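Below you will find the structure I want to go over with you.
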Amino acid sequence: MMNDKNSQKIVDIIQNWARKHSIWVLAYGTGCGAIEIPPTMTSRYDAERLGVRGAATPRQADVLLITGYLTVKTMKRVIRVYEQMQDPKYVIGFGSCTINGGMYYDSYNTIKVLDKYLPVDVYINGCMPRPEAVLSGFAQLQKRIAEGRANGAQQYKDNLEWYRANQKKIIPNWIMPEYNW
Amino acid sequence: MEMIHIIFLIFLGGAVLTYFAGKVSKVLQDIFFLLSVLVPAYLFFANVGIGKEVTLTLGGITLVWGVNHFSWLFSLIVLGLGSMAAIYAIGYMKGKERKGYFYFNFILSIMAMMGILLSLDLVSFFVFWEIMTWSSYLMTVYNGHETQRIGIKYFVFSAIGAYAMLMAIVIVHHVAGSFMIGSMINFYPNMSLSLQIWIPILFLMAFGVKAALMPLHVWAPDAYSNAPMAYTSVFSGALSKMGIYGMVIVLVTMINQIPQGFWFREVIAWLGGITAVLGTLWAIKQDDAKKLLAYSSVAQLGYIIVGIAIGTELGMLAGLFLAVMHALFKGTLFMVTGAVEKQTGTTNFTEVTGLIRKMPWTFFAALFSIIALAGIPPLGGFVGKWMLYEALITSNHYLLVIVIFFSSTAAFLYCYKFLFGFFLGQEEKEWAHVKEAPVVMLVPMIIMSVLMFVLGTFPGLILKPINSGLVDLGYIDTFKHLWNTSIIFNAWGDHVVLQPILYYIIAIFVFFALFLTWKGHKTTRYVTTKDISSSGEVPAEDENLTFSVGFMQPFLRAVAPAMRRQIDKYYTGIADGLESLFEFMRRIYTGNGQTYAVYVIVFVVVVLLFKSVLF
Amino acid sequence: METVLMDILGAVVTFLVAFVVGMTYGGLSRKITARVQNRKGPPWYQNFIDAFKLGFKKSAIHHGVMHHLGGAFLMVSSVMTLMIVPVLSHNNWFPNLNFQGDLIFLLYIMTFGPLGMALGAGQTGNPNSAIGVTRGLSQMVGFEIPWVLALVALMIQYHTTSITGLMAAQAHSGTWLMFSSPFAFIAAVMAMLGMFRYSPFDIVGAPTELASGPVSENGGKYLFVMMSSGSVFTFAKLTLYVDLFMGGADNLLILLVKTFALYLIPMLYGMTTPRYRTEQAVRWFWGWPSFFGLLAILQAVIF
Amino acid sequence: MVGTPVLFIAIPLLAAFLIPLLGMIWKELVRIVPGLVLTYLLILAINLLNHVLVHGPIVEVIAGWVPPIGINLVFSAFSGFLVTLMIFLGLLVWIYSYRFKRNVEYEPALKYFLMLMMLITGSVGIVLTGDIFNMFVFIEITSISAYGLTAFYKGRNSAEASFKYVMMGSIASTFLLLAIMIIYSQLGTLNMADIARKIHLMNPTLKIVSYIFFVTALGIEAEIFPLNGWAPDAYAEAPGPVGAAFAGIVVKAAVYAIIRYTYTIFDLSSSFSFLIIIGMITLIIAETAAIRQEKLKRMLAYSSIGQMGLVLVAFGFGTKEGVFAALFLMLNHAIIKSLLFFSGSYLVYNSTEKNIKEVNGMSKFLPVTSLLFAIGAFAIVGLPPFAGFWSKLSVLTAAADSNMILIMVLVLMVSVVELVYYLRVVNRIYFFKKEADTKPHKPTFNALFVMLVLGAIILLIGFYPDAVTGMLHKASASLMDKGQYIHNVLSLK
């Protein structure tokens, strides 16, 4: 018989393998980047061969895909959607806007650094990133999952107060339910 | 003094006493009410032997009352459901006005139904029939002003039916020389052909009205939905069965004796089928629980009528079993509606939502009855539906079985609508204060739910009495060696064995319920219905996202052509036409003395002119 | 005790077979769809991965007890169907409940699950779920008509309402019912299109319009149970069709060939047709499929 | 032997003339004396009826002139039953109006009771007499007092109603006299039994003509369509108890006369079907006209007319069952319609229009009166277990036994119409909100007592019809036995 630790390890490997090959994406079409999602999914690039597939609601999704710049107005919804997703869950920041604001770096109305508000696991660089870049981003996420390093959700839980403080700075009327995972 | 007389005296005295006890004390009134329903029920089942007959002579007419297996079965429905509804009514009527009125009519209705079942002669049958009609009519108009049209509609239809029956009764008395039901049946083969056809038609008019057979059903939805719910459970569950009871007697004992009987039964079966379809479609459209259940009652009665009209052993068993089941589940459902009405003050699906966590026991009862209504195993409704289909298929009613199947599949839509409308959906702040119904209302509902469950696996418990009743009516003993309490057979020998099915269902359900609940696997947790994934938006406290207006609209669009015409409209047209005719009649009396004098002269002249014709 | 253990063994083995076959068929369908669309597509075992991933999700939420048990209701329906339907002919498989129920029972037990599931979906309070449920139930009323017409035609032709009886009739006459009662077969297959909810009858769970409808609030192991139930149900239904119309199967391989051949029909039909609105779908079922059903009854009555 | 039939005429007539004189002594005597008289007569009538039921009819000769020359009174089971019923109703009307008129001055009260006594005298006389000219006199007495009672309120409307009644009544007298003349010219006798014995000697055409004239004249009093134009107005404008007296006493007497002519005197075989035809027409027209009425008493009047039509239909069957049914109907109608008039007049007591609308929501204010009205309505429609059911059942049984299916169908259809308009009123009483600002008037003690007695009788007959059926059977047998009647009258020495 294996001891608990070893068996846990094996279970982890199997689980991570399954998670890695089945990525259900909730594409939050916030910005212009959403236009890159259809080519990624359809015949030419066919993300489904990697196990990537669209999910209809946050309850079913594994990955929150923030496609492009995020305005203050949509921020609240994005946070809500993220919090409604089931563990384990990952966030992919898509395009330069999510990294540093990109071409909206001096806009009064957009989020510059997504990582301050949501725990981003993988960034996809570019403005716009082409479908090849998106696929590579997914591949990167898969790699991190397999290695067990895609633990953004844990990070969010651990540093919830910090995230909350940042979020509340942006959103003036905070009426969201408490995050109680 | 015979026991049957004592029972009726208790009913009658109890009704009057209960009415006046209200002037003394409310509690005393409740106690009297319960006693005057439960004591006769006990006395009947404990002391009245099957086959017993007692007589009473009134106005030169011998009234004979007695019990046979067949009427015993219906007595079971009436007194069983009546007792349950009586207990329920104590809770339901608490704090309502006109309690004495309600109790009085309730007891009289029960008495009248028992009277109908026990009558062996046509006069007392008719007397009790009319008492039943007016006591239920008084219940229909219990809610006052707005219901008066509805009440009159009900009473007019009942009266037309009852008078048709009265006509048949006196004709039978004329030709057979006796008011006894038995002698009517014995004499039937000797009647002339036109009487052989007309007598059953006249009787069926009366029974068809009570059993809400299309096209005589238009009173039913309104009347059912406007009576107090505690009574409607009896109204729909038991009172409508009186029509079935009469129909069985007419169809089996009379019509089967003549060659034209086949067409009779076909026509009635088809009418029953159409009733079922129309009732179902209109039920789907309703937004009010009472109306929905009322139309659903019409549809369910349609199934029962189909079962008894096709007239094979299996069909009769199916029809009568469904009658028992319908009493159980529709009684419970009306009780559920009453409980919701009492706790929230409304029965409209667009207003009430999400009561499941507030009224869990009521939901439990509603769930069981809905499953039974939909005919889904392992509850009792399935057994009835199964036998009905098998009876239809094995007796070569290929198209009728499709009609019935369509209606009972479409019934899922309103079944779901009922459960969803009241209990599921978002939990609203407006209904946060709602409490579970009082225990006295819950107990009857739960008892009946459990009964439905038991009958689903052991239908033989009730099929045996039904079988004895059918044997009394002259059927061969269907309860052959193969049948036992939990196996049902069709005419081709195919069967369903209910007991292992129940075990499998329970095993599978429990296994997966455990799997879903088992914390060791992965955790699940409860979140409120406000926490739903609606595009990341957080619904406000008083915001109701429940989908309840225009429910089932796609389906209704698909069947819209069938629902374009309402039979009710035709009747209203006839009634309006008659009213104008009456207005014309009224104008004959002009109020002018000269005209009247002219009338006299005209009368004399006309009579003199035509005296050779007249004299 | 021995028989009870045998029963449990039979049920478990049948369930596992059905689960594996159903999941594989699901994966194959995705693969074939991808190939038709000139994609590479996921591997054939993709559905297993998806299911296990859902099972491995660390958490899941529910909105109350009916929602919590919705999956269990669904499972009762699909597993009971599986238990009633004879997997292989000539007693080559565990008997399960093959001789305890008949076709009418089957028709009703098949609706048990969707209704229980609908209750669960209703309790979520998500309007999309309720809308999806109404669409699903409406479509069910639609396809039940040709389906029942076909079944009634079979029943009256062979004077039996049990599946084993119909299988015996085919074995006796030597021809498959799909040849001896072709109209019934056509009607039943057309009804099957609705049963499998592939396009054009997939408005029930329209992903973008309704956020997947009835299942929109289900994630994690709830979705896992529902997915497994769907796979089992797929297998059970296909087996039923094979038993009824294609003379059953003597061993698993023949069964797989026959069921897969049948399974291709709704799959391929779906690829070529756009989605119907609910009332269009309902009317479609009451059009030609029901006409063929009536022809089947006519044939059964005349011959 | 406690008394003789002549007392039924002599005593009330005497009382009627004495009332003004007694009123000079003590005003209250005007109210008390009629009651004493009627009580005595009722006791007498019941005693006589008991005697007659056992021993056969009593025939009394007035002033020693033996029939066929003299006038005779016949107190048979049939006429005795009607006399008892009328006097009983008269007594109830008296009890009811004793305090009903308390706000009425001395003089109107005097006239009221005087005319009431005259009315009873006349009606009882019609029933008892064995002489057609004597009957004419009694009809005149009845009519004149009825005109007076109709005009009791002295308003414009009541005067108009009374005038119509007078007009129609005079036409009736004319025809009656014509008919009597024809008979006398042909047969030379006025005694009913004698006429009956000799009727076959008459010229057939004249026989028919005289019969038609009789029916026309009596039909006016008996409210047969189309001769009943006066009735709705008279009922509506006369005081409530007078309406009850009309329905229960006057009309019954007129119907009696028609029946006597048809059954005993004339031997026309087709007169029965004639009765059925006019009865059916009356029934249908009256009941259908009733449904659209706006005034309560008018509605009751039409209902009354319709019931009379039904009575004629039942008599028209010409069988023993038919007569039994008709008598049962007359009994029930007298009781129930009186109850309806009594209670109905309190339901619309203080309103000027007496519209049906005014009864809305009265059950809150007048619970007992409303309940009794409802019982009356249910009973007259013929719902079991009230009295009306048994009579309706017997009518239908009689119709079936005469093979008159069409009549049954029509009667039952009309019953549905009747049901509808009574239900509408009952619904208004119980389930509508009171709109009118008129104050409900509490019934006086004696009025309530009368209504309760009538309600109790309705329930008694409903639950135990045997209480009256034995008597009715004997009464109908006595009417059917024409030869016995002739023999009884003419064998007197």
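The letters A, B, C and D name the chains in turn, as written, and every chain counts its residues from 1.
Simple rule for what comes next: a residue touches a chain if its C-beta (ideal position, glycine included) is under 8 Å from a C-beta of that chain, and two chains touch if they have at least 3 such contacts.
All values derive from a computational prediction rather than experimental measurement.
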Contacts shared by chain A with chain D include exactly B
Between B-C and A-B, more C-beta pairs in contact link B-C
Relative to chain D, largest Cα-centroid distance belongs to chain A
Whole-Å distance, C-alpha centre of chain A to that of chain C, is 35
Whole-Å distance, C-alpha centre of chain A to that of chain B, is 58
Chain C and chain D have mean C-alpha positions lying a whole-number Å distance apart equal to 79
Touching two or more other chains in chain D are residues none
Going by residue number, chain C touches two or more other chains at 56-61, 211, 216-217, 220
Residue ranges of chain B touching at least 2 other chains are 530-531, 533
Pairs of chains in contact here are A-B, A-C, B-C, B-D
Per the touch rule, the chain C residues reaching chain A in their complex are 30, 34, 37-43, 46, 49-50, 52-53, 56-61, 205, 207-208, 210-212, 215-220, 223
Seen from chain B, its contact residues with chain A in the complex are 530-531, 533, 535-538
In the complex, chain B touches chain C at residues 354, 356-357, 367, 371, 374-377, 382, 385-386, 389-390, 393, 396, 398-399, 401-402, 405-406, 409-410, 412-413, 415-416, 419-420, 424-427, 490, 492, 494-497, 500-501, 504-505, 508-509, 512-513, 515-517, 521-534, 545-547, 551-555, 557-559
The chain A residues in contact with chain B across the complex are 57-59, 76-81, 84, 175-177
Per the touch rule, the chain C residues reaching chain B in their complex are 11, 55-66, 68-69, 71-73, 75-76, 79-80, 83, 97, 99-102, 104-105, 108-109, 111-112, 115, 118-119, 122-128, 130-131, 133-135, 137-138, 140-142, 144-145, 148-149, 152-153, 155-156, 159-162, 165, 211, 216-217, 220-222, 225, 277-279, 282-283, 286, 297, 300-301
